[in-house]
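Look for subunit A in each of the two complexes below; its partner is subunit B in the first and subunit C in the second.
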Partner chain A sequence: MNRFLPWLFVALLASVPLWLTDFYFLHILITTGIFIIAAMSLNLLLGYTGQLSLGHVAFFGIGAYTSALVSLGFHVDLFPGFTVTLAPQPAWFAMLCAIAVAGLTGYAIGKLAFRVRGAYFVIVSISFAEVVRLVAVNWVELTQGPMALNNIPALTLGAGAFEISFLRKPAFFILVLILGVASFIVVARLVNSRAGRAMIALRENESLAMSVGIDVTRYLVIATIISAAMAGMAGALYAHYIRIVDPDIFLFLYTVTMVIMVVTGGKGTLAGPIIGGIIFGFIPEFLRVMEIRPEVQWIIYGVLMILVVYFLPQGIVPAITHYLTSRKHRHEADVLPAASTPVPRP
Partner chain B sequence: MDQLAQHLLNAVILGGTYALLGIGLTLIFGIMRVVNFTHGELYAFGAYCMYAFVMLLGVNFFLALPMAIVLGAALGATIEMLLLSRLRGADIDTTMLVMIGAWITMQNTEQLVWSGVALSIHNPFPANPLIIGALSVSWNRIYVVAVALLLIAATYYLVNRTRLGKAMRATFQDRQTAALMGVRIGRIHTATFALGSGLAAAAGALLGPVFFVAPTMGDLAAAKAFAIVILGGLGSITGATLGGFILAFVEELGAGYISSGYRDAMGFLLIILILLFKPTGLFARRERVG
Partner chain C sequence: MKAQSETVLSVDQVSVRFGGLVAVADMTFSVRAGEIVGLIGPNGAGKTTAFNVITGFLRQTSGDVRYHTTLLNGLKPHQIAKLGLVRTFQRTSVFQESSVFQNVLTGLHCRGRATLWDTLLQTARQKDSERELADHAKEILHFVGLDHRADEPAGTLPYGEQRLVGVALALAVRPSMLLLDEPVSGMNPSETARFIKLVREIRDTGVTVLLVEHDMPMVTRVCDRIVVLNYGRIIAEGTPAEIQNNQDVIRAYLGQGKKRA
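Entry: the complex of A and B
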């Protein structure tokens, strides 16, 4: 039963465009889906390797900008007498470029930032996102700066008579769903592999992991590359969906949104980012219906973040699984109370 | 040559407030092991206090500063007792998440109360700058750097010469032993957070009249404070002081001779260089936590 439940959920989601006629609601589902992919990628770092990366929005934004620039083409004087020109490329190719560039950035940042841990790593990751934002603002020749990149082409697959365009919302929704499921499978396969066990080991006790011969930095860098590439893909999807990209995409608040999705849903669980993503994808819409100002929305986010840390430190998903398993074993009450032991991770 | 001298003078003046910001943050990290994401908001709070006192209530400009500092310290103490006191002993990531939540809450409350419009504070100094040879500097900035240096000296005195400072240093060196020796760790934490917050509010109250007051002003201040403490090594007061001046020099010269658009990126590039060549920070004595 449990094996089929996720697929049932996916099938249900896949049927949405068939019966949902409200395009605004579909729009919310699409943006939520994109953010869920980003949150899943963050979960790989935050949940499984235990590194609080607060610069994650940089990978998302780099993906968005790369995909936008490759599909629009650009013409830049790198230094006097040396110009780089790129003719507009098909959008699907641009998206692959986005994934590659974000992954490469992840490699560079991983190599650099994992020289340090803890508070230092957090500050370095924030600084990195801020540098990228400043480049996007100031390198006007390439990025148009605050004027934004406009008219980003919609995604298309195939050519001629067999061309599928993802301009319309139902088609784009299915695309997001497919890529979301693919990302989920990648994360699930990864964390259940040897590399995933190494990551969890270093999260739990880095010195111990090192002492049994795990190359800690190598696995951290691998996790960062995959996580960054996935965030880059989400960013590319966002660019081709919204079809305008400006430096505000690098705002710290987007990283906070991803972090709060992961933490609320349950970091280090496969379902956590999805549950958290759905909750925090829909909250802004409810608040908008209630005509609440965006400042109040962020205040609510901030307060929720504090409350979650106090009252649901493991997140929703582990709390539910904990509740279910404890109900199953209620008659085995002689077993030591599980309050202080970490919740088992699925 | 004159241009260079002017840049260096500007850097010294800027460095004073940067050092003030950095010291507050590094104290809190060193003693409490908390990365204080609300630091920038306390800076903005100081500036808004100054605006409210001087422009709305008509309080004397020089009296408004100590009032802003006291209120900032009180707000800091409240945050510590309300949010952090029950998380003592929690790992650093947990407190970081709480502080990020507090940061967003505070910043958006400011935005709600004051709206996003930039406000300016009138200062009583003569409008004509002081001119020495080819150099010129406004009277307000001279006042700012003088008060900043005074506050830095006072902090040094407090930490190195008083009983409270001794207890703080003891907590920094070995929390458990300090507790066993009768240091009330809880109070030291509250006092440290209040002190760090007061310094941040002081920096905001000093710079508010120089620049503008806006709800997002705290973000840049916090980012710079982070850069400064990484430069100096987390937990080192001397490191933060020197780090503040180094960042000011790099920014001022970078903006003057390379590109003013990347002025605010200089600090981050500096961090990256430091991490490449000396990951422990320039002046850290203790091993960094990880």
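Entry: the complex of A and C
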């Protein structure tokens, strides 16, 4: 049963555009889905290699800006007499560029993390995100600065009569779902392999990992590249969905949102970011629908988060797994004595 | 007969200084293939420092360490492990949260054949490799006698069994030489006796063993040869019987003759 349960969940989600007519709610599903993909990518770093990246939104933003710029085309004077010009490219190609560029930045950050670990890595990652934000604000010629990149083309695949457009929400929702499932499979395959065990070993005990011949730097870099590329893809999806990108995409709040999703759901578990993402992605909207005052909405949000972290420090998913296994054991303990001590009857 | 076998590990005039403190001074000794050698000495004598230097966790201030013909100076721990020189640790010896089986699988890292692409695309090679590794892990757990603990988180095991997990992890790397750092500390006498048997079995599979230990009865029972360190210097070297009667060693452990009861 456990094998089919995830697919049942996916099938249920895939059917949503068929019966959900409220486009506002579909919009919430799409943005939450994009953030869940970003949270899954953060989970690979935070949950499996144990490195807290508080600048994760940088990869998300780099993906969004790259995809927007490649699909819009740009013209920049780098220095007198040397200009770089790019004609507008198809949106799908722009998304691939976004994944590649974000992955490359991930490579650089991963190499840096080799030198700084723990608290220092956190500081480096925050600084990195801030530097990228400042570039986005100030390099007006390329990014339009605070004026934002507008009219980002919607994503289309194929051409002519066979063209599929992801302009409408139901189609875009399906796209997010497909890429979300693909990201989930990538993370799942990775963590259940030799590479994933090396990453977990790095988290659990770095010296011991080295002593059994694991090149910890290499696996940290691999994890950062994949994580950054995935976050970049989420950012590109965001750019082609919202169709406007400004430097606010680098807000620290977005990183915090991802961290909350991962930590409350259960870091280092595959389902954690999804469960955490669904709960903490929907709560603000749910509270808004209930017509609660905005200030109170955020208080409720904060209190809920504190409660989850206080009572389930490992996160929701590990708590549920623990409860289920202990109940199973108790159940077995109840059944076995009864079976092994038959009552003799005259 | 063993005296004629070739030297596998040679430590040549190695010194380690932390600022003004001399942790190891001019240490020179060698280990021959198939030997079980004990490195002993009072607390702070520099035994673990020596281990850290040999396995690349610490850089020596001067001197050379050679394994077979390879100079180990400046190599990283994982590179040294791949040469077949594998260590265990004093305290932090397991991946706490992972199951015992997962621990050994992690140790088998270098024997896996699947590349990252195999993993992402779930190729036949990925599946074959994972199956092989699982089989190896079962064999190793059986060898050290931990089959019954396979599914338990390593951190929940009693201390003695955690040491065994540490040894299983090291064996998973398929070492040609094993360095054990205080392997029986925290074990009760019957666990120690079983461990001595295990060390001999490991040696009989062709693995050379160097161990650091405080438990003198254990050392004298299991070792072919003993090297004694004090204040970073080697003060004696020989068979267990020679060491037990060496005046310098007795003085280092118990103080001057007159005060000895």
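One rule holds for everything that comes next: the second predicted complex is superposed on the first by the 310 of 346 C-alpha atoms of A that agree within 3 Å, B and C clash if a C-alpha of one lies under 4 Å from a C-alpha of the other, contacts with A are read in each partner's own complex, and residues count from 1 in each chain.
As a working rule, contacts are C-beta pairs under 8 Å (C-beta built on N, C-alpha and C of every residue); 3 or more make two chains touch, one makes a residue touch a chain.
Just so it is clear, the structure is predicted and the values come from calculations on it, not from any experiment.
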Q. What is the contact status of A:Arg168 with respect to subunit B (first) and subunit C (second): first, second, both, or neither?
A. neither
**Q.** subunit C versus subunit B, contacts on subunit A by residue
**A.** B
Q) Just subunit B (first), just subunit C (second), both, or neither: which does A:Ala195 touch? A) second
Q) Who does A:Arg293 touch here: subunit B (first), subunit C (second), both, or neither? A) first
Q.
With both complexes overlaid on chain A, does A:His329 touch subunit B (first), subunit C (second), both or neither?
A. neither
Q) Given the touch rule stated above, what does A:Val256 touch, subunit B (first), subunit C (second), both, or neither? A) first
Q.
I'd like to know which partner A:His75 touches here: subunit B for first, subunit C for second, both or neither.
A. neither
Q | Partner chain in contact with A:Lys111 - subunit B first, subunit C second, else both or neither | A | neither
Q) Which subunit A residues lie in the overlap of the subunit B contact set and the subunit C contact set? A) none
Q: Mind listing the subunit A positions that touch subunit C in their complex?
A: 186, 189-190, 193-195, 197-198, 200-201, 204-205, 207-216, 222
Q. Can you name the residues of subunit A that touch subunit B in the complex?
A. 50, 52, 54, 112-113, 115-120, 122-124, 126-128, 130-131, 134-135, 137-138, 206, 252-253, 256, 259, 263, 293, 295-296, 298-299, 301-306, 309-310, 313
Q: Provide the residue numbers of subunit B that touch subunit A in the complex, in ascending order.
A: 29, 35, 83, 86, 92-94, 96-98, 100-109, 111-112, 219, 223, 226-227, 230, 234, 259, 261-262, 264-265, 267-269, 271-272, 275-276, 279, 288-290
Q) Which subunit C residues qualify as touching subunit A in the complex? A) 55, 57, 76-78, 81-82, 86-89, 92-98, 102, 105-107, 109-110, 112, 114, 116, 119-120, 122, 126, 129-130, 133, 169-170, 172-173
